[in-house]
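Read through the structures below before going on.
Here come two complexes built around subunit A, the first alongside subunit B, the second alongside subunit C.
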Partner chain A sequence: MSERIEVRKTYKLYVGGKFPRSESGRTYEVTDSRGRFVANAAWASRKDARDAVVAARGAFAGWSGATAYNRGQVLYRVAEVMEGRAAQFAAEVAAGEGLSETKARAAVDAAIDRWVWYAGWTDKLAAVLGGTNPVAGPYFDFSVPEPTGVVAVLAPQRSSLLGLVSVLAPVLATGCTAVLVSSKERPLPAITLSEVLATSDVPGGVANLLTGDAAEIGPWLAEHADVDGIDLCGAGTTAMELERSAAGTLKRVLRTTAEEPDWTADPGLSRMTPFLETKTVWHPIGV
Partner chain B sequence: MTHALDPTAPGRGTPAVGLDAYADVTRSDAALRAFLHGLPGVDQVGAEARAAQLGTRSIKTTAKAWAIDAAISMVDLTTLEGADTPGRVRSLAAKARRPDPTDASCPQVAAVCVYGDLAGVARDALVGTGIHTAAVATAFPSGRASRAVKIADVRDAVGNGADEIDMVIDRGAFLAGRYLDVFEEIVAVKEACGSAHLKVILETGELRTYDAVRRASWLAMLAGGDVIKTSTGKVSPAATLPVCLVMLEAVRDFRAATGVQIGVKPAGGIRTTKDAVKHLVMINEVAGPDWLDPDFFRFGASSLLDDLLLQRQKLRTGHYSGPDHVSVV
Partner chain C sequence: MSVFEYAPAPESRSIVTLRPHYGLFVDGEFTDGGGEPLKTVNPATEEVLGEVAVGTDADVDRAVRAARKAFTRVWGPMRPADRGKYLFRIARLLQERAREFAVLETLDNGKPITESRDVDVPLAAAHFFYHAGWADKLDHVGLGAAPRPHGVAGQVIPWNFPLLMLAWKVAPALAAGNTVVLKPAETTPLTALLFAEVCQQADLPPGVVNIVTGAGDTGRAVVEHADVDKVAFTGSTEVGKQIARAVAGTQKVLTLELGGKAANIVFDDAPVDEAVEGIVRGIFFNQGHVCCAGSRLLVQESVHDEVVAALKRRIGTLRVGDPLDKNTDVGAINSPEQLARIRELVGIGEAEGAQLWQPEGQLPDRGTWFKPTVFTDVTPAHRIARDEVFGPVLSVLTFRTPDEAVAKANNTTYGLSAGIWSEKGSRILSVANQLRAGVVWANTFNQFDPTSPFGGYKQSGYGREGGRLGLRAYLKES
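Right after this comes the complex of A and B.
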């Protein structure tokens, strides 16, 4: 019997709940940590980013308008589906990051746990970050955190799954919608995560995942007038330039550090609060 | 009888002969039917393929900037909702005058299109701007009313200050084959319009075939319509590229035969700059550059203008814009 020929994959983007090819028609080869061919991935262009922003804007009203409880349930469901794909994630992380099987599996477990952790935060943010304010007047005065809108996320270049989850989940948990550019060298966990998102209950357009070069797409997202916030985590040396561009449209900016943070550490609220706006209501009483 | 589209027909290659040459054609129902059914059939596959092929042209940089400005100047900014208020019409008129308040170089639109009872509000808000006031009439959008009611509707809209009237043809009569009824109705409406421009809505979504679109186009042009318009926007499918292609061929052939240049207005379903640019390419290729003029080509649209403005801002600033950066009505 002849030897079976493996099916070579050419992956696509995840935009608006669908899997389109790049508008540019470009693809690039993804290799593992030793330089061996693994798969072809779509190489997103600025127009793919533009389409993704349109999709994210379209999904924002529904996602931010859903109850926090409902968002939590949907995100928890994502973690359930990730659990079912754990072996695939582990293989991709091991190949891409050059980790041993045990370490890769530990990274996947940490990523799923991180996702569940953020899913739990959806209905607790308002209680922790908002509250009633004592004011000197006949008003019932309270503040609530609200999502800022469409957030562009440049995912970390090194940590391809735990880092990815650690930047995407907080954006979704707050009720924002996301346009994420994956790690360029290690995009496979992001592609598998988009397959997970498509088969869980996340509405199309809430999370849009582009594979390609953050240095190419980042400037377009930073300047885009319909993007309300940007996480510069994976921007590398271009981060300063992007921060300057983002100022042109008064975006919320989450700065990056020279070295990728230790993703296993407790993130606290640091990745959620940058993309929240505080709404304060003054309600007359005693009338 | 030679047919209008035959090379030997009156007007082909000879000086324009005017509409009088076709007086014969409209003298009776039978003659009109013979003429309309004698028009060459439309090659459906060919028309669709040609429209699709013209849609693949790449229009970039300076050509795109020209196309966007041309398209803005051809927009009939439309609001045809039951919930229209005088305030909404006034804010629409303000948007028509200055589509992009942040950029004085942005051209005005061609017209504001409203229901007849609000034409006066629109006219007052557009005084001195050169922007036309268009009103829909003749029991828009269904056209199901007696002729007396339709004529009264038209007179009312003209009396309120509309200088362009968008009428709907009686599709029921057209589909039943009573062409002369349709013809006489358009003639009567044209008379009621006085000096106002008459746009004849064929409602191509209800005509079923491209042959019927070609016949209806010729019928409307022979009856004295100044513009032929695809749709009311209330029926799906509305304006499609192949339908527009057939209508552009009709106005081109009509001018060749009579010397009279008729305008075209696709309406409904054109929402993006890309769609608008495809139409501009098609006008240039099918009818010719003479039609690239707000007097002879219009877009009936409400949301198209916003997308044109976003694309215009993109070209001007170099970065993508968003719906928060255009004025709302």
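Right after this comes the complex of A and C.
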């Protein structure tokens, strides 16, 4: 009896809740850690990035306007669906990062747990970061955190799932919408995560994932006037130039570090506060 | 009788002793600067108030080294409660010398004495008092146990609220354990230098606060100095972008409080007289030299004529003139440069087809002045509806529905502040939710408090000043 020929997947971008190919028609070869061919991934272009920004902007009002409880449930649902895909994620992480099956599975578990952790933050941020202000006058005065808007995320190049989740989930938890550029050499977990997002009640356009080269797309996103913030995590040597470009529209910038952070460490609020604004409202007290 | 005539009620300036020459304040002492001194002028009279030293790169370097030394040896290691005590002292000294500060501020800036006396100086003292209490409670700011200061803070402040902006910058920096190099605005350096005397009277250790006067080049030297860890700037969006670019790629932490083009939204159910007071306070307070000024009046179409008529009546009673006069409502424009900017934008407003209105009355012969100005028939595309004028110029636009009001209010690259006038609480909260602005005043305007975070969305900058959030900008997790 002959062995079954497997059905292979076409790897595409995730923009506006749909899975388009790159408008440029470009793909690039993805190999595993030993250099063996794995797939042809879509090689996102400037135009794809701009389409993704349009989608993210369009989704912002709905996502930021949803109740924090609702956002929390939607994000928790993502973790539920990730759990069902754990084996697939583990295989991709093992192949891409050259990890043992056990270590890859541990990274997947940590990624799912990290997502759950952020899902639980949506309705606590206001209490932790906001509050009432005892002003010296007859006013009720309160401050609340609000999402910045559209955030471009250059995902880490090495940690293809735990790192990816650790930069995407905080942006979504704040109520921002995201345009993410995956690890260039290890894009498969980002594509699988796209499929998870597409099947877990996250509205189209809230998270847009592009595979390709952050060094190529990053400058367009850093300059783009309709992008409000940028996480430079995976920017590598281009980080300084991107921060300069981002200054042109005063984007909120989360800087990168020379080495990728220890993704297993408790991140605290450090990846959420850069993409939160604070609104203070004054109202008179009187009869 | 002309509208602006009235019996004078001048505040005496005898409480202020002007000096012919003012130095830089570095390492606890007044020293000369290497640059060509500049003259600071009373904008209401064109009187030269004194010559002020200009800090060069070398002077800034000297100040940063003094600040670093004070941070490492004295201020950083000091018991937090003791740091707090110095700040309490400063708060009390500001209160004790409040009248002197108020008169000097009015002389140097041109703002009405009632405002420097009742707003700027008391708020500055309040900021020090508030932050003094934080110094030994830093574990509670939300950055975990024992958060650490950044080190040396380089701070550049504007001319519209010289002492108050100093307080917003210096008080949280010191409370958190940083030391400071501060560059006041070139046209309003005098209260900062009087503040240096307060630091001496408080026996604040040398080098904890350094004040380097000068113009843009001096500010650039402060911002770009390699040994500055934290940069805080209040001023124009244009300069803010330059600073953001300059610190890119460094480890410097940056907060920016920049320009604005605030919408002041008046709904048809708002009590007209109250709203008119709020509109006037929103745009003519401090001659409109306010980043959060309510410079775009969005009035519901059905009450437009009534509101504008009442507004013009009220503006007709505003007293423009001698800032030292206690009856004055609107003082002098701070500098000829700013006056030229206002005139240019007002000229563009007329050329683009908006209707200009100004009250009757004569302006003083000497000094820099501009009449309170209202433009009607303004469209969202007009420059006067988009560009920050930073002067007493109001643009009036209309809307029909709450959605349209929100859309128009948010149709700007800025996002510092906004106002809402309505009797309906649910409407106020709904509109406040949708406005992309850092401070929303409902049925009031231009209120400030040290406990209340202030700062912008979008290109009005980032970071907050005031409250726990403002303090956090001067700390990092340990």
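Keep in mind that, in the parts below, the second predicted complex is superposed on the first by the 277 of 287 C-alpha atoms of A that agree within 3 Å, B and C clash if a C-alpha of one lies under 4 Å from a C-alpha of the other, contacts with A are read in each partner's own complex, and residues count from 1 in each chain.
Convention: contacts are C-beta pairs under 8 Å (C-beta built on N, C-alpha and C of every residue); 3 or more make two chains touch, one makes a residue touch a chain.
Just so we're clear, the structure is a prediction, and the values are computed from it rather than from any experiment.
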Partner chain in contact with A:Gly35 - subunit B first, subunit C second, else both or neither: neither
Touch count on subunit A, higher of subunit B and subunit C: C
Partner chain(s) touched by A:Gly25 [first = subunit B, second = subunit C, both, neither]: neither
First, second, both or neither for A:Asp226, with subunit B first and subunit C second: first
Touched partner set for A:Val128, first subunit B, second subunit C, both or neither: second
First, second, both or neither for A:Gly268, with subunit B first and subunit C second: second
Contact residues of subunit A, present in both the subunit B and the subunit C interface: 248-249
In the complex with subunit C, residue positions of subunit A that touch it: 128-129, 131, 133-137, 139, 141, 143, 148, 228, 239-240, 243-244, 246-250, 252, 268-270, 277-284
Subunit A-touching residues of subunit B, taken from the complex the two chains share: 313, 318-325
Partner subunit A, residues of subunit C touching it in the complex: 126, 142, 144, 237, 240-242, 244-245, 248-249, 256, 258, 428, 432, 435, 437-444, 447, 449, 451-455, 457-459, 461-462, 464, 466-469, 477
In the complex with subunit B, residue positions of subunit A that touch it: 50, 53, 57, 220, 223-227, 245, 248-249
